[in-house]
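To keep things simple, chains are lettered A, B, C, D and E as they appear, and every chain counts its residues starting from 1.
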Amino acid sequence: MTLQGNSRAVFVFTIMAVLLLIVGYFQSWNVMLSILNLCIISAIMALGVNIQWGYAGLFNVGIMGFAALGGVAALLVSKPPVPTAWAAGGLGILGAGVLTAMVAAAIWFIVKRMRSGGTKNAVIFIVALGGYFLIRSVYDPAVNAIEADNPASSGYLGGLGLPIIFSWFVGGLFAAGIAWFIGKVALGLRSDYLAIATLGISEILIATMKNEDWLTRGVKNVTGLDRPVPYELQLQESEVFAGWVEWFFSSRLEGLTGDARTTVLRDAVIEGSSLFVKLCYTGLFTAVLLAVLALCVLALASPWGRMVRAIRDNEVSAAAMGKNVTRRHLQIFILGSAVVGIAGAMLTTLDGQFTPSTYQPLRYTFLIWVMVIVGGSGNNLGAVFGGFLIWFIWIEAEPVGNWFMGVVTQGMEDGSWLRTHLLDSAQHMRLIIMGAVMLLVMRFSPGGVLPERQQSQA
Amino acid sequence: GGHEVKMGVILGFTGPIESLTPDMAAAAELAMKEASDSKMLLDGKVIVPVRGDSTCTDAAAASAAAEKLITSDGVVAIMGADCSGVTTAIANNVGVPNGVTMISPSATSPALTTIEDKGFFFRTAPSDARQGQVLAEVLKDRGITEVAVTYTNNDYGKGLSDAFATAFTANGGKISISAAHEDGKADYSAEVGALAASGSKHLAVFGYVDQGGKGIIQTSLDTGAFDQFILADGMIGESLIEAIGADLNGTIGTLPGSESEGAAKFKEVATAGGLAKNDGPFMPESYDAAALMILAMQAAGSTDRAAIQAKVMEVANAPGEKILPGELAKALEILKNGGQVDYEGASNVTFTEVGEAAGSYKELEVKDGKFATVKIR
Amino acid sequence: MFCMGENLTGGYGGADILKGCTIGVEQGEIAVIVGPNGAGKSTAMKAMLGMLDLREGQVTLDGKDITNFSPQARIAAGIAFVPQTSNVFTGMSVEENLEMGAFLREDDFTVTRDEIYDLFPILREKRNQLAGELSGGQRQQVAVGRALMTQPSVLMLDEPTAGVSPIVMDELFDRILEIRETGVAILMVEQNARQALNIADRGYVLVTGENRFTDTGEALLANPEVRKSFLGG
Amino acid sequence: MEVLDALVLFANFVLIPGLAYGSQLALGALGITLLYSILRFANFAHGDTMAFGTMVTILFTWWFQSLGLSLGFLPTALLALPFGVAFTAAFALLTDKLVYSHYRLVKAPPIRMVMASVGVMFVMNGIVRFIIGPDDQNFFDGERFIVRARDFRDALGLEEGLAIKSSQLLTVVVAVILVAALFWFLNKTRTGKSMRAFSDNEDLALLSGIDPKKVVAVTWIIAAALATIAGVLYGLDKSFKPFTYFQLLLPMFAAAIVGGVGQPVGAILGGFVVAFSEVLVTYAYKKFLTYLVPESWAPDGLMQLLSTDYKFAVSFIILVLVLLVRPTGLLKGKVI
Amino acid sequence: MIRVEALSKQFGGVRAVNDASLEIGKGSITGLIGPNGAGKTTLFNIVAGLFPPTSGKVYLDGEDVTGLPPHELFAKGLLRTFQIAHEFSTLSVLENLMMVPADQKGETLWNAWFRRGEVKAQEAEIRDRALDVIEFLNLTHLVGERAGNLSGGQKKLLELGRTMMVDAKVVLLDEVGAGVNRTLLAEIGDAILRLNEERGYTFCMIEHDMDFIGRLCDPVIVMAEGAVLAKGTADEVKNNEEVIEAYLGRGLKNKTPAKKAKA
């Protein structure tokens, strides 16, 4: 643990690579790649959180909401529009949108123009309440009409029908937009108060996604999203691909003929197709990760990064030194959230479906936070490493737990109460292992595995 | 070893339905053990179940678990998954691409009927669309014309309540309020308050027996908001009666399956097999899902994944000798000798052409602190 | 000597800050440490209190070796300390701050408290205000008051007069002289070095963690080199 | 117009459940607030500590029941409670020794403690499920109701009934007593003051002769007791399930923070704000108004501001609004 | 330069500043003294925009700047130091100084990403300036140290150093001298005089060291209980009875020579 700086980073990433290779070798390369792909996505999310916490000390516990916004983007960009639903209630929804804008404008006008006092507040209240019922009167029938349109398989407006890869960008934009709004409202709050506010807002976002079926199908989920990469089944049917596989696995096929050869080749094609698809994803994700990482590294090492760290250390003093703290906080909040949004869209793309109930704080907020803190907050590579390590443990803790229980119970009598109980509880080892590893890492490397480096400019 | 064959069991062992899944897994593993013990499966092969955690909510983790089972452990088929969301993800991303048969005991979302599964996805639980109709009929026959509805806010609850609402209103019934509830939350007084305000006498609960659904019933009884309940399959379970007691008398409900010998037989088998429970939700379906995979394997005469898939329909449906729980040995024997079976199992399995249970339902009523079957629909 | 740190050597994990310096004070005596900023004066104080890992050297109190005592044990043995920074409980009222000073006292401490209020009348006025809301100089008074509450046998003060107005400073020095009369050993760091050395029986000039000059206060004041380099001419 | 009916209706569906749920949240929030103010970190393992304490209490309850012990009309669990508290306190002290003490020693920033508590949360999560399983457990015995809805209705000849469960009353009473006791303890007793001093400025506390080990130990013991009591009361009223206890964490945090962290009274206020905002905004006022206005005016719709789908969203909206008006909670809370 | 009119600030029940009016002349070094709790720091905080006054106005160069946020006041050339040092604790000493100058190109992300050349050039310049300041403050051996690890006095020096990083019009110094070694303080005094003469900075300093005030300041304003008590040259103020009564005192009462006590 005496390694410092870059050599330490190289060392820990090598270990990570070895872990993945072990999984590839002993479990399967498909498992390895599926873990790797999610490692990359997690790393991007962790970078987003690191921008907010590590750079600027903004305690955002609403990660889940921003990831979900990315997911919504994936759905709205890639799904084809549903013409019948549009016909049924599209106009109503648009109308409600226009009305909302008008009511908002009216309120804004009142806020700007009227002299403050009791009357002003009363007028605002009346306009808001009246507006609410007016909007509802247009919105509710439209929503009902849309949701009644073939509810079992559709019942929503659909999306734009564009290639899903655009959604990565759009997901970032969605998240940024909402972050702007949240930031305007809540960034005045400090530490844990900001945390609970962001947590609350993300719960509100998720509730909306679960219940506004006309937009997202709600808890009925949208499955079968497009892919930016080929489908396994396409590949399995493709002659060209079979040719590649034959070439690639030629050693495996050597000396086999007839039926045996066909069976082995068929299995190889299936395996190869899965691997190929995953590799395509790996390529895309890596490109995004590298781009985000590069921008992060450049930003943190620049005077901008110095200013932001100064703000984190002491806002009062930074303001007295002429730095616009509010603006910076807003900027950082938006950037970090956008990065999370991008990762969220990527994740939904990889899953191939949008399921709002998947967004649980444990998985999408705390786990990401753990990644950042264990990896090393304030250090970009640390966040990336945290993303890799924690996801790896999260997935591998399960088989390891099962294996561990298997070993423990080996000597016990078959069918004994204790043995059955232990084997049945094996799944809970996942949590224990996850927790134990986290605690150990944090114990022996308090600043994270790759601690924030003193940007020693001496 | 050479005479071992692995089968996957993917269920949400952690997460929101973690309290249901151990029993489901145990039921499935019971079928596997039964087949192994018979020494009749493909010249005495032994089935080794391999569990994977679907988490019920996290598609990524579920896919990873399935990936490991399929590509690392090399399971020949998968019994699972449970919640519709993760089930879809596993089928689309892992199961179908790798050509592995999946039979889900509990994914009931109507949307699963139409996924592109290339014939690799089956379910022993019927789609909720059917149950909604059945429930509406039950209420019509009993002359109940107005109900308040609460459903668990997921694809199962929402889908079922949609289906029920359509059928019920078509029959001339009125739904006074339809309110979602989230599972695993601390308190349900807000929901019950709203439901009670509707003024209806009956409350239909489409949830899970030891989740929010139970909380709703408990709170309703405590506050005196409702005392007449209508329950869907997820809510049927002895544990509900254990927890609530005599107040439940008069409650009606539906459950897939029939009061065939099958269901009774399953209870016997489960008790004999030393399971902790013998009638938990989705336990019969789990047993059946596993049994079907085993029989298909025997029918195919090989552990080849594609071969198994090709035989599932054949063993599930007529023609052939009817097979009940506990009779796997017999079925294996028949198949070995080139005969045909029609697996009925614990939940009266008959697959539609897209490979899901067609669904006959029991109409139940709680009498003297017990669920009693009134009628089969 | 009554209280003594000998050959103190150690630091905060990196290079040594203290390099074998020695400081001490007799009962009924005032010893003053002066030196440039960063010389290690505060660090030496912390070392005496056991809040620093020493590599070498030992601390004795009344002939007893207390080098391995925990900080609380040293407090219990009769040392009181006013740190240079963050020396009040900001979230507690002035009165509670003083009470915490008397935490280890079993007897009735209200008399001492009233004496302190007499010494710093402003504190009586603000007894129920949070210490964090006081002005810089008022806080300093709370900090000193808190230490006096313990009725220590050794009183260690790290720049007690930084930021206090001249009138309060005089009062403070007055009071310190009075305390000396009661036989307490007083060790203080001061940048208001001339006033401090004026009343000091013993003076230490510390530079980069080492003793540069050690003498009576008067002698140090008279030493031109000391005056020039450390007392501002 | 039946004003009495309207009032009873409101009390039965809004007031009493809100009070009980609010007190349940408050009890949990109290523990969080205590740890936050003394040891200066937000303890994410608190929900699981509650689960742990309740689990131990349940195990003892079962044992006592098998021995035939009971408290008559009171639940046997109350008899087992001290044992639950003792075990949980021991566990908390052990955790502190193994995990948290290190971070205090190196003066790690609070966020590390928070993340460490997430690690502890995972481990406890696993341990509880390991021992008692993930299932629902009912362990209430004794007399369930103080007033039954039906009896009340018949006795007073009203349309509406009012139910008060013994567990609800117990919760409210205990919550109030504990808050008052904690407030008194922290502000008036020597140990309490030394705990506040420690939380304020650790080094200076040391210099005042306060023994940090004792402060930490007392804090953990009180927190463990609060967690166990909260968990057991909640479990008596509803039922025990590890997952639900974990889910309780968020509303408890919300309650602690909206009330102003570090403020015992704030925890109570926060608990009620969260509980009542859930119930009030999603309540359908149709029946209530029907009783109050002449028949011809009776509303057609449900008179529900927002559907229960948005229950949690509502409580969080209100929470955010409260924070915007009072950035450190209802009572001025700490900022760390 | 700075004019304060009828300024008041209420904290709960405490009126920290009470109808204070004063003026800091252009190019002057104005001293601000007064007993502890007189409201000096509060006055600075209001002028520097940390919080708004309860009532009253602040003018900078004739312009009403009441309630402007600190960073805008900084842009207008107003700089302040803190009585209780506000260093950026995880930044190095060098970074603490380098972050001060306004309008750094690299402080916008676009430039940080895509105009690295220009940013680097400016950085080199700022670094040189910072190193000069560090040398002046005797902190050269600590350039790379985290500012949080500095000694109490060193932090105060850093606080002062920041004012030397930019061309300010007005500098408010809140007890820079407290805790600073007197020899160094004398040098700091020289530097203040130099900045005042050569670059035309206006200073206003709170200080309790009357020698220091006497050497540098003219005029000296005395505050007490939130209001202005007196104003004049240092000598005038020193001999003002009211000021002596409230603030200066009459020296040690039982001034017993050290030797006597021993005997």
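The criterion applied here is as follows: a residue touches a chain if its C-beta (ideal position, glycine included) is under 8 Å from a C-beta of that chain, and two chains touch if they have at least 3 such contacts.
Owing to the predicted nature of the structure, the values given are computational and were not obtained by experimental measurement.
Touching chain C and chain E together: no chain.
By count of C-beta pairs in contact, A-B exceeds the other of the chain pairs A-B and A-E. Centres computed as Cα averages put chain A at a distance of 55 Å from chain C. If you average the CA atoms of chain D and of chain E, the two centres end up 49 Å from each other.
Centroid to centroid, with C-alpha atoms defining each point, chain A and chain D lie 31 Å apart.
The set of chain A residues touching two or more other chains comprises 210-211, 428, 430-431. Within chain B, residues 18, 22, 153, 180 each touch two or more of the remaining chains. Not a single residue in chain C touches at least two other chains. A complete list of chain pairs in contact reads A-B, A-D, A-E, B-D, C-D, C-E. Residues of chain D touching chain B in their complex: 12-14, 17-18, 21, 24-25, 129, 133-136, 138, 145, 148-150, 153, 161, 163, 165, 234, 238-239, 241, 243-244, 247-248, 251, 275, 278-279, 282-288, 302-304, 307-309, 311-312.
Across the complex, chain C is touched by residues 190, 193-194, 196-197, 199-201, 203-211, 334 of chain D. Interface of chain E with chain A (complex): residues 48-50, 69-71, 74-75, 79-80, 82, 86-92, 94-96, 98-100, 102, 104-109, 111-113, 116, 119, 123, 127, 143-144, 146, 162. For chain A in complex with chain B, the residues that touch the partner chain are 26-31, 34-35, 38, 151-153, 210-211, 218-221, 223-224, 231-233, 236, 263, 270-271, 273-274, 277, 347, 350-353, 355, 357-358, 360, 363, 394-395, 398-399, 402, 415, 424, 426-428, 430-431. If you check the complex, the residues on chain A that touch chain D are 53, 185-186, 188-193, 195-197, 199-201, 203-204, 207-208, 210-211, 361-362, 366, 369-370, 373-374, 377, 425, 428-432, 434-436, 438-439, 442-443, 446.
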